[in-house]
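Note sheet for the following structure.
The chains carry the letters A, B, C, D, E and F, assigned in the order they are written, with residues numbered from 1 in each.
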């Protein structure tokens, strides 16, 4: 890592922190501005699938537990779907968030995996999200695999893939953004 | 962010980590030395208050849920009060911390919001605090809004405002520093 | 902290993140490659021991609660023992990890304490580890005290000492690496 | 309060106690979940010999297998030696379930095929035939769906479904190739299972308010109590219930498809083609029916308008685990399947614009039912009581767009199963 | 053990069982919390028509409102349709509580004002007058404090308070403008509610040890068992209890104010001025009394010496939710209010130097009460038994600086309410 | 089902109900844990006057002390005033246990030595002799191990151990200096205590499968059902059980030591030396026995082959807290102790290669026992029934390498203690 790479890493980190703070502050309108037009936002389901042989750790992959695409994801949104998700909150009848949840996001383990020829960045980070309501507290942990595109001094989210660590969600709904 | 800003950010981060480690190591005496004489340390209560209209996300603010100043805070301390809090632990009769809790603080999402003309720094960070006792474990998440003053190569805490994410605390007391 | 120190800090941080990601991805084979031949990996037990006097916070130390060496640790491994731990998983009969746990590690509060004459680095970090299985979720918090040796552009783990924040573990086993 | 007061004779009021009494829940385990046909899965989930899946019947872990000969089985997922769950995964392929504790090994037909030390340690005295996995007493399928029943003396699945089958065919039998299931999504909700089940069974009334945030604004501005013009509540009897749009004979599929939320042309075209096939298979009347919601007694819910089927797995008196599937026509083109599953999951499932808000309803109702003061007052299920109608073209009884006809049917069935002639 | 053994006839010993038996707790819900006057809040919390707050009576969620005409109401926070909590916030202003599930809408006086589909779906057959929110049977106020009672046949609030009112006035009625409440702070403690309540009601004995870390060192060095020179335990009867400093006639307020922890001059001056007003309103004797701690039966505790009132909300047999308020004179100057609330919260509340240590006492006592061996042995409440005194200047019975007179009164009241002539 | 059906008369089958019925667990607290000798610790843990440790008997917190005169005591860890746990640490040194709530103070012999305000506040009316800590009725030691018993009428510890003592000596009495304990490691497992206890008591059968990942491959390839050539299950009676390698007379220690996993030379040499001392102290026969696993009724388990002793502390019907110790010869050289404790902890304890997999067995068996359907079927304990043998050289009855002889003995003892002539 050279000092340029370091700078880039810190910029990305700060961008992720800023995103987390907007979401915890319920500024969904400003969060939408962080998205690229082509954004794809996915949260797969996860399942325990019988493993045939175990000697090679490459076969222990998390990937085989994730259900997306041809299976049934938990969330599979494009920009329009995300905008609807946010617009819903503004109707005054989005009861799951009335009163709004008290959320807190810890973003950690930020790594730049690579930069593509088109200048987009592949970033992984670890998310710990606590969501408190009077009914109780839900805790989520996840790896987020993001692709960011560079826009001048700033970034836009082009792709997010959220690996939640739950098979059966212990939360009564997913009313928040990861 | 230039490389100077980056350096400052990392210094602040390390300062917050050092603070966390002192508190987890129960070196309250050394922690007191990190405070400015004028320090103000506040933890507001939080409540669900009926929201009138919801279209504008700016009205969804966390601020309206916080009870401080004219209302009843959870903690509202100046330096003398914090010193008393620490001195209490040294009496040998501070039963809530006898034997001492096993605490662990994760400090994350450190952001420098701005520097004032007087050279003080506005810093936000996310705190995850686990407090274990034989009776059980309490988990806290919070945003901390700090103001640090610069003292040579070091900082002093001038102001801390802790936004806890609980309406009803699930901990039997607040015997630790956030 | 100068810019060289900063660079080193970030390198160590990235190394710890990479380690965490390998473990969460169950690439124990690649993780073994991050270890030094002389590695020592210890997790002490922890207990509440009556404290005689409390005025001096230096006597409140976490150290007196840790049981290792002459007492009974939870884990006390050298390289061979760690290799056995990993090899066990490949037998196809390591039931505690069949199907494998879904783990997530947040590594935070990374600090470089010092560099030795031999060029090894003393690093502390805070670990939050969530381990999910269909039977439930175990949460661990810990301080990790590592010694890394420098190998060219990379590091190897020479020593790890894990201070868990539990007296009675709430997890039915310790089938994962901290 | 005696048990006669739990549900009024006409079903028009109930006591909140039935949502919160742990003793009643223990009884339900035996009298409801021990006797009813419960949904286990779909044949498409067990594509070949050795395929298996793990699910629940009530709170019992159940292993559903396709054996070497292709036959479907369901067994308690518990080794006969000490009870260890012989299957630890949600699904996969194997013909050999070896218990991890001591190695007793079962075939995918449930038979005990290997006991370590059988000759030496057991002195050849163990009768392996007596110690196979415990079979679920009855396993039957209906148009692809697999059901199990713990009660050997239960009526047949067909009799159990009764007139509900006529309506289920609209989903399951509209195309030659039948259906397949995607999923499940699974999540926990702190609600009594009946609160969730009655909502699926009969609650069109809540749509305009509880789901106000997810409905198109023009629908809302019209009549929030009954936003769906052609909808009727239908009670096929036996505790089952559903709501459906019944389009007038003069309408053509494009007429009603254009009234819903916009779909891409490929989906619209597909739906019109399905209409033709359906009309041929099921007749003109059923081709004009589009199911909105429904539930097969006791805990198999569905929201066909968004292509979701779900099992409401009870987890104690205060909690359920919802297993939500997306149902698609097996022979639909991939782009239709993809659109359908994305569309479905944006509306239903834990992150769906509709279902996000449902959980809060169910937990709130459950919480209230625990108060000793709240419990003194009965809940109101009178909507449309005494106004049930019949039709000569369709089976069952009918209520208006919104009506509690189905909730009443649900709770009266509950009373019958719980307290009539019961002795187990 | 029969119930007669729970509390000795003279109150001087009790069985730990009463802190840990779930069946007793279920009975308490009806016989204690279903019959007593429970603190709901303060008029100052409902400043104008439409103001509301949400609180609990026992474990029941209760909605307290000021209606359009300014009248105070309390209702169960549960929709009559299915029981959904119609109010989801701690406080605010509205005159319209619309249920989110199906939209039934109630006015702030509790009446049901709108049922979606009333004419069409309900065929105009629903009698809205019968389906308003369930009113708490009785609501009365005492000098600003609002109380509710589920029992329509309960004695009046004034009769319920009895001689406790004479002492409560010292806080509530010392100034013309009365008081107002700040807060609450709220937190959970794994303790039986009675353990917390008896401590507030009568436990001056623990101050010197349990709060050794918070007391000024000179107090400690004198007499740790009874550090407060002028303090007496006072039992006004009916299960209420308090402790107070009773200063001799010859002392003036500056005399005793200088003995406590130092306050800023503005506060000291204010206290002296209040003394004069109080002497005029309540007489010389009461102006010489400063309340330390106390509790109104069953669960309204207070530590007036640090200006805190609190409700001990039971949450099952093993847990409470403490709702702690700061009480201040309404017309006190802002700087006095600010000092009082900061001073209060540094001593009491979850982070207070006193209260931090209290939680551990209560949870430890509760834990012990669960052991089958521990339960075989009775707890000792004999301090001062048989030495109760009376005064001709003040109502009630008196113990020394520390005494278990009030705990005995508390548990004897508990016995009476639980087992005498009870039939509900 | 009546209680006679819980365990078959020959012990060869049991009902899963006994692992999951909360009412049975409540009874066990009194009839099992209220009457049996329970392991409290080891004399080496209380090295000098004032040493103390805190442990549990069943779910009761118990304080074990060595008083000023060196005498060992055990008392309930509960202040007689309100029940506060007077000791809050796992261990330490003090002769003064001052209750934090109100300051009552006890000596390390349990006597109440100070009551604040005894003269003034209690009017000298409190009889301190009557209010000392409640003593555990009986405390006895066996070769360093300290046991307590709540039942004053229990048989002596020696009688309680019966023939088990003959085998325990092989660990405890093989060297002049006796043993010492390291630890404990402590962790929670969601399992019924009997599931864990029966495993320790008699389950050699599971080793080849449950621990397949930890066994050397050559052992596995031979005979997984019974991998240990010289092992026998031994039932000394009274509910105790063990498994041991019984080496033929012609073998010498080096012969069998070389068959196990490789140890460093210093350890090997030490073991050979111990053999000589043991043969002298206990005789040739016992020197040829190496204990593998075992359990003293009801909840003191051991895996001597890996030097671990453990107490299975019950925590409700569904959970245990395992307290696992490493036992070493007191006079072993430091390098041997170090190797033994590292070796032990790599195999047993929460991170051990063996024990990691055990927890899952116990939780799975416990979970299954809750199903109303699973409970209808009995668990199979028939291995070796009717084939028990006796020896003229060693006490007890014998089974093969693997046998359920000991589990049957365990559950028959359970039946006897629970239901025979019981009246408490």
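By definition in this document, a contact is a pair of C-beta atoms (placed from the backbone, for glycine too) under 8 Å apart; a residue touches a chain by one contact, two chains touch by 3 or more.
Model, not experiment: these values are computed from the prediction.
The fewest steps needed to get from subunit B to subunit C, moving only between touching chains, is 1. Under the touch definition stated at the top, subunit C and subunit D share these contacting partners: A, F. When the interfaces C-F and B-F are ranked by how many C-beta pairs touch across them, C-F comes first.
Per-chain CA centroids place subunit D at a distance of 48 Å from subunit F.
The centroid of the Cα atoms in subunit A and the matching centroid in subunit B are 27 Å apart.
Annotation: 31 Å between the Cα-based centres of subunit B and subunit E.
For subunit C, residues touching at least two other chains, in rising order: 3, 6, 48-51, 89, 91-95, 98-99, 106, 108, 128, 134, 139, 167-168, 170.
Touching two or more other chains at once are residues 88-89, 100, 209-210, 357, 360-361 of subunit D. The complete set of chain-chain contacts reads A-B, A-C, A-D, A-E, B-C, B-E, B-F, C-D, C-F, D-E, D-F, E-F. On subunit E, the positions that touch subunit F within their shared complex are 16, 195, 205-206, 208-210, 224-226, 357, 360-361, 364-365, 367-374, 377, 379-380, 382-384, 387, 400-403. Residue ranges on subunit C touching subunit D, taken from their complex, read 93, 95, 98-99, 134.
Subunit D contributes residues 52, 88-94, 182-190, 209-214, 321, 325-326, 341-342, 344-346, 349-351, 353, 355-357, 359-361, 363 to its touches with subunit A in the complex. Interface residues of subunit E facing subunit D in the complex, by the touch rule stated above, are 29-30, 34, 57-61, 76, 78, 80-85, 98-103, 116-117, 120-123, 125-126, 131, 134, 150.
Residues 43, 45, 47-51, 67, 70-77, 81, 84-85, 88-89, 91-96, 135-136, 167-175 of subunit A touch subunit D in their complex.
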